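Below you will find the structure I want to go over with you.
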Amino acid sequence: MSAIAKALPNLRPEEMEDPKEHLMHDPLPRGEMNRMVLESMHTTTWKYWTVVTILAFLVVTCLGYAWYYLIMQGLGVSGDNRPVYWGVFLVNFVYWIGISHSGTLTSAILRVLKIESRRPFTRVAELMTAFAIVNAGLSIFMHMGRVWLAYWLIPYPNERGIWPDFHSPLMWDFMAITTYLICSSLYLYLPLIPDLAMVRDRSKGWVKTFYKIFAIGFRGTEGEWKNLHLAMNIFAFAIIPVAFSVHTIVAWDFAMATRPGWSSSVLGPYFVAGALLSGVAAVPIVLFFVRSTMKNMKYFLRPEHFDTVGKMLLIISMGWAYFYFNDYIVPWYAGDKWEKILTLFIEAGPQAWLWYLMLFCNIVVPWSVLWRKKWRQTPWLMAIVGILINVGMYTERYIIVPEMSTINRMPFTWHIYIPRVEVILTIGTFALFLLLYFAASRILPLIPNWEVQEGQEGHILRKIGKAKIPTISQID
Amino acid sequence: MPKELKSPTSSANTAQDVQGIWGMVVDQDLCTGCQACVAACSMENNVPFVGEVDAGYGRSMQWIRIERFWQGSYPNIKATPYQPVMCQNCHNAPCEPVCPVYASVHSLSEDLNLQVYNRCVGTRYCANNCPYEARVFNWRDYMDPRQRPELVTLANHFNPDVTVRRRGVMEKCTFCIQRIRHAEDTAASENRDIRDGEVVPACAQACPASAITFGRIDDPTTKVSQAADTSRGSHLLEELGTIPHVTYLAGGA
Amino acid sequence: MSDSNTLLAVFEDIEPAADGIGKLHELGVADENMDVISGIPIRPAILERPSAVTRVGWIALAGAILGLLLAVFFVWGIPYLFPLDAGGQPIYPVPQLLIIMFEMTMLGLMGFAFLGMLVDSGIPSYTPKEYVPEISDGRIAVLFSCPKEEQRKFVDALTKLGAKSVEPAEARQL
Amino acid sequence: MDKKISRRDFLKVAGVGAATTAVLTGCGPASRYVTRQPYTKMPEYTYNGLSTYYATTCRECSAGCGLIVRTMQGRALKAEGNQNNPVNLGKTCARGQTTLEGLYNPDRVTDPIQRDSRGSTIAKKMDWNSAIQVVADALSKNKPDEIAFLMGLAPDHLFDLVTDLTKAIGAAAPIRFGALGMFEARATLVQAASDMFGQEGLPFFDIGNADLVFSFGANFLETWLSPVAQTRGYSQLRRGNPNRRGYFVQFEPRISQTGAKADEWIPVKPGTEALVVLAIGRLVAEANNITLPTAFSNADVNAAAAAADVSVDTLKHLASLFASARRPLAIPGGAALGESNGLQTADAVLALNALVGNIGKDGGVFLSPVAPLTDAYHRPANLKEMSDFVDLLKSGKIKVLFVHGVNPVFELPKSLGLEDAMSKVLQIISFSSFPDETALQSDYVFPDHHGLESWGYQKVATGTSSSVLSGAQPVIVPFFNTKATADVLLAAAQKIGGTLASTLKFTDELAYIQSKLSTLISEPDGFFSAPEINTFTASFQQYGGWWKTTDNRVAPSAGDALNKTFNTSAAQFNGDGDYFFLPFVAPVMAEAGANKPHLQETADPTTTVMWNTWVEINPDTAKQLGIQDDDVVSITSSAGTVEASVYVYPAIRPDTIAMPFGQGHAAYGQFAQGRGANPADLLSNSTNEAGDLAFASMKVSVKKTGKKRQLSRLEGVLGVYGKFGQQ
């Protein structure tokens, strides 16, 4: 007791932060929280519907029609060529897989590490995961020359007498993404069940039927909680390596190719770092928008959460820079002819601005903003940082996919890639992501109330000396 | 010449009846860059034309491209010897294992890379992984007369021995496998081995300078084996260990 | 216990619920005739309850093994059935097997963990059950059975300890 | 086992035979009546799944390469070289390969048509009877001197027929012209041979047996004279002799495809080739300690070096090469001849050959063998004669003009005023298979069969050492409602009656050809002979022609070639632009390839441009003018202006700009029309001393238009040029 008091010798009470800043120490009755969440779900303004209409229109045209056009015409309407066989579709794929690391991985890591401030925003992040994987899958399908035969990648007994080839990194990818999609959806769903039960208990008519179906008869008995807890623990531990493997395998899609730039053994961890960077950076964006546009969310989502994410971002950004430097210095030093040209092309070629943009967004921005707690706790600033980092990471993928594949060992074929229909389809995938999110925000409780309450039950404030010190009990 | 022609893992596949390993020699000293091979290949293999815009964007579909670079600057400038690049039919082909659906597979009996058009789903991984950039992709339905009415008459010369590919399918030089098969069948029906020079792919057939020689490289007596076995011979990107079956004889003095 | 009644006691908070459960213990209700329904997970020790038995771990393990075997079939079984040479790579590759094995094991593990959770909890189930919606507002319900004739005694005891209501449990549509 | 051979077995045997022997036809004159039809109506010689091969002659240019066309079920599938034919020995060029795209071209003229008005695409279909009547009327209702025939360089049998016809009616002999002939400057070559050797004939350069080749602008690996045969020669030069690799030096202002294969490229200033040749001659004579012949006595090495922008050291080095070579050979050609002093250049080159004594020797200069059925080499009209012909049309004396196998509206320099002259002609009848510019300017188009649907023969002008008559036969039934022009003329002659009918009393084209062939049937040194014409015709069809097995090249005497005097002035140029203008025939496309999509998409060997016309400008010049790749420039000469995209070409003199000929069609089908620009529009009608078009004698100005039009290139610009460019 006295040890802690000594640790805070010079702080006057007014200098100390208000423990009430922490959600965990600012409890509300569960019924009140339920009401707040339900209210946030049920409140829709004309602005909401306008945005949804626009997004729906974009999804129908930019995604639906443009994709139909792409399928009917063939990939000629895209910008791919020789040697850039993989273009923006693969950029989108890698990008969305990266975004998908936001939720599952952040929430899993935070859960495993028992970071308490995770509680209110895990779902916000996990939803991103689910929708991002949907987009990643769509991007792969858009990329395929004969998407109507995509089911040939599924290993099942068939009349054709031929199975997919597991020698191919794409098959690993297929298996990994399938695993990841299924597991992260379940991981989203598991903690959602009690909340769905809560909504079920508070709704009527067909809406009740809907929630009843998805709450699958959950009541909250001891056995149910125990099973749920164990399953969630299994998921939290198991999904971390799966998420790592997914992005590593995505990296291997490139690294296994005998191309300068791609063929790098550090690409796996480098991609994971990149995925974490873009994924975690997406969290403050969503937190900011959810917090500022939805009712009652300012109670649940607080500057402290931005702070948590900001700290992670700073570390991840440094990690990313570390891996990038690894990936950069080794070929640079080795001086392989093609790697050298590739480096020159990226840094001084016709699209060199992308490279500088990437470094600015991924290193300069986070390093200059995130070291300061005050700035980390400023939601709008964090949203801007998140957006910039995402721009930077998208740029990074653009450099890795079309730019790096421009340079190969046959200089006679070096053609610059210019995206065409991909741009529209990219808009379409972003619109789909947002639309799904908009829909989810009014269908699913975005705050896992039971987890918040569970946390709040476990947190207490104790007066030590002159100050109230937040502490945590072991009731979990 | 590949040093090692046996696949290390041939226990469970179709290597039982090796029917001859096919290879090609391109003499860059003779190649005049006249494009006869390109035209011949296109006409033999139903290779579509893609039109001005696509062709200039790096989508021309010819299975051979003749490369030339420049050395020096005016007035001491020289064109490098023309280098026709087609699928090298590597023994260890990087394009093959990356295909998720076995559309790019190896024929152990002839040691050729096969591209199974109707199996291809168009991931384009093989093309990405081909260090020679020898693969071409059907970006559009270049061969569909419904989309290209000019093909209604032009299609009359299509070779019935070669599949017409539709959009979304990868393709590449096959060493005129239809001609190899024909010769194999003929030889089998006559109960003999294929004679040297019996299989002539369209490019070699057309080449006015006779810069292209084709034949079995597992038999040291064939013309192609002897042509490959000179100090001028080399393989493209030999350092990658793909063991290509096309040997280039250096141009210049 | 055909002549026993099932009662549902609803408590406002954890402490009274713990007390209530202690009382029930005193009154001779065995742990297996008792169940706690709560809006948040509560450590059994807090309520002086034995830890619930869960088989989720074992089911997940079985799933993991199943996934592993499936991976072996995919990577080694398929080429055994359809040997095709590709790029001079081994027909039965080990590194690829490890990758697929990892993915499939994880898929099996998590997929079966989820299924196990469902199966072991007896959900999804849409049959009527004993439940009151207030539970998800943070109330704690203790479901127990007592001899019919002693019902009154139980109700009084629990109400005294702060139970909001103690009523015969009524299975109803959730 | 049953000894009887079943039909199935027979087919098997026949199939194998067909495949291995390649040629299976020529079964007597009966084959004339054999119709080759699609599957539904299976004719003789046609089996499901089996190919039939026909030997014929390529008509993409006039070189007369033999083809074997693979057909199946009435469709022609693939053209390959005829291994028997001495011209190409089984090889073809890119144009020969795509000849099927001409055959099945979607834009062919399908029926005889009568135009609403000249230049209009609206036309009324006719039937062949009335078409023949139109021809008969045109021939009979006009006076003989009001009738003119304009023919292409191929096919020869039709030219012979028309010659006979004009003779019979007393009209002027048909005039022959072709763009390739124009750019090859054939008249200059023939004139030079007669100047220097005192003997008429087309020079033959034995590249294969030489060990040093100096080519003064000759694009002999591209379209010049007989490219396939010359490429074979080149191949022999390099690798024919295992003990030595022939050396090759190219003198030209830009690196052409041929120049790209040279060991040394000497970028001589346009117009100074003759000076360089003479200077080299003088140095060679000095090096070999020969008394300086008159021909080279005027040569001033220093002045020549200065004028040609070549260092004296280079000249000395080249001369020592030439002097010490065992079999040196100098070839004149290309743009060097298309200058005001082109004949002098050609003469000087022949003199240089004479100096090293290689006239009539292996690896030296010969005269080409005279083809069968002819007394001498008859060159096509040079520009002077064409110009006279245009003047004749302009004068209005010609009432009816027949055009076959040539597209002069496109090919001739616009400044000649052919279109204007044609408007003075009352009736123009075109026999074109394609809707080209000339056919568009005619009143009637009576489409001839495509070359692969036709009978015929081609007298091989050069390329091989033997005297060759390449034979043509139909490989499929006519795909459209076309009719052989020979048949049209023969039928018209019968309609007219009189002497004409009796002179041309042939049932059809083949009968006419047989009448010509009949003189060959018992020639002693032929590849085959026959007791009578029908058997001979069968072999003629089967082997794809008839040729002698002996060396028929004429070894001329050097005569007093070395005693000629040359004046030592450079060529004169027209116009006051800053840049020499160098048009050249697009190596792949040539003059008539533009309507074949695969040829359009075949990359140019030096620039890799496809589907369009480019302008080659030296990088320094481009920088000076502020021009970048793909900028559209307008090029103005005294004769006109064209616009085209720039290709900044590192291998061209800074004072020269070059442009390929072959595109810029105003008609000629969907693949050709409206694509690129035609450099012929920039040419004046100035000629060299031999009357050939001085196509490389223009000086032009170049102006940036501010527009940009991306050239379609096979090469990745990124990897070939600029800071990322590789070698």
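Read from first to last, the chains carry the letters A, B, C and D; within each, the first residue is number 1.
Assume a residue touches a chain if its C-beta (ideal position, glycine included) is under 8 Å from a C-beta of that chain, and two chains touch if they have at least 3 such contacts.
None of these values were measured; they are calculated from a predicted model.
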Set of chains adjacent to chain A and to chain B: C, D
Pieces of the assembly after leaving out chain D, positions unchanged: one piece
Chain pair, B-C or B-D, that carries the greater number of C-beta contacts: B-D
Nearest-to-centre chain - CA centroid comparison: B
Between chain C and chain B, distance of the C-alpha-averaged centres to the nearest whole Å: 62
Geometric centre distance via CA averages, chain D-chain B, whole Å: 31
Intercentroid distance (Cα basis), chain D paired with chain C, Å: 89
Mean-CA-position distance for chain D and chain A (Å): 66
Multi-chain contact residues (two or more partners), chain A: 83, 162-165, 167, 171, 410-413, 415
Touching two or more other chains - residues of chain B: 57-58, 65, 67-69, 94, 97-99, 102
Sites on chain C at which at least two other chains make contact: 84, 86-87, 89
Interchain contacts (touch definition) - all pairs: A-B, A-C, A-D, B-C, B-D
Chain A to chain B touching residues, read off their complex: 73-77, 80-86, 143-147, 149-150, 152-153, 162-165, 167-171, 174, 253, 256-259, 405, 408-413, 415
Touch list for chain A against partner chain D, complex: 83, 341, 344-345, 348-349, 406-407, 410-416
Chain A-touching residues of chain B, taken from the complex the two chains share: 54, 57-59, 65, 67-69, 85, 94, 97-102, 119-125, 127-129, 131-133, 135-141, 167-170, 237, 240
Interfacial residue positions of chain C with respect to chain A in the complex: 14, 35-44, 46, 49, 51-54, 56-57, 60, 74-75, 78, 81-82, 84, 86-87, 89, 93, 96-97, 99-100, 102-104, 106-107, 109-111, 113-114, 116-118, 120-121, 123-127, 129, 131, 133, 135-138, 143, 174
Footprint of chain B on chain C - complex, ascending: 79-80, 83-92
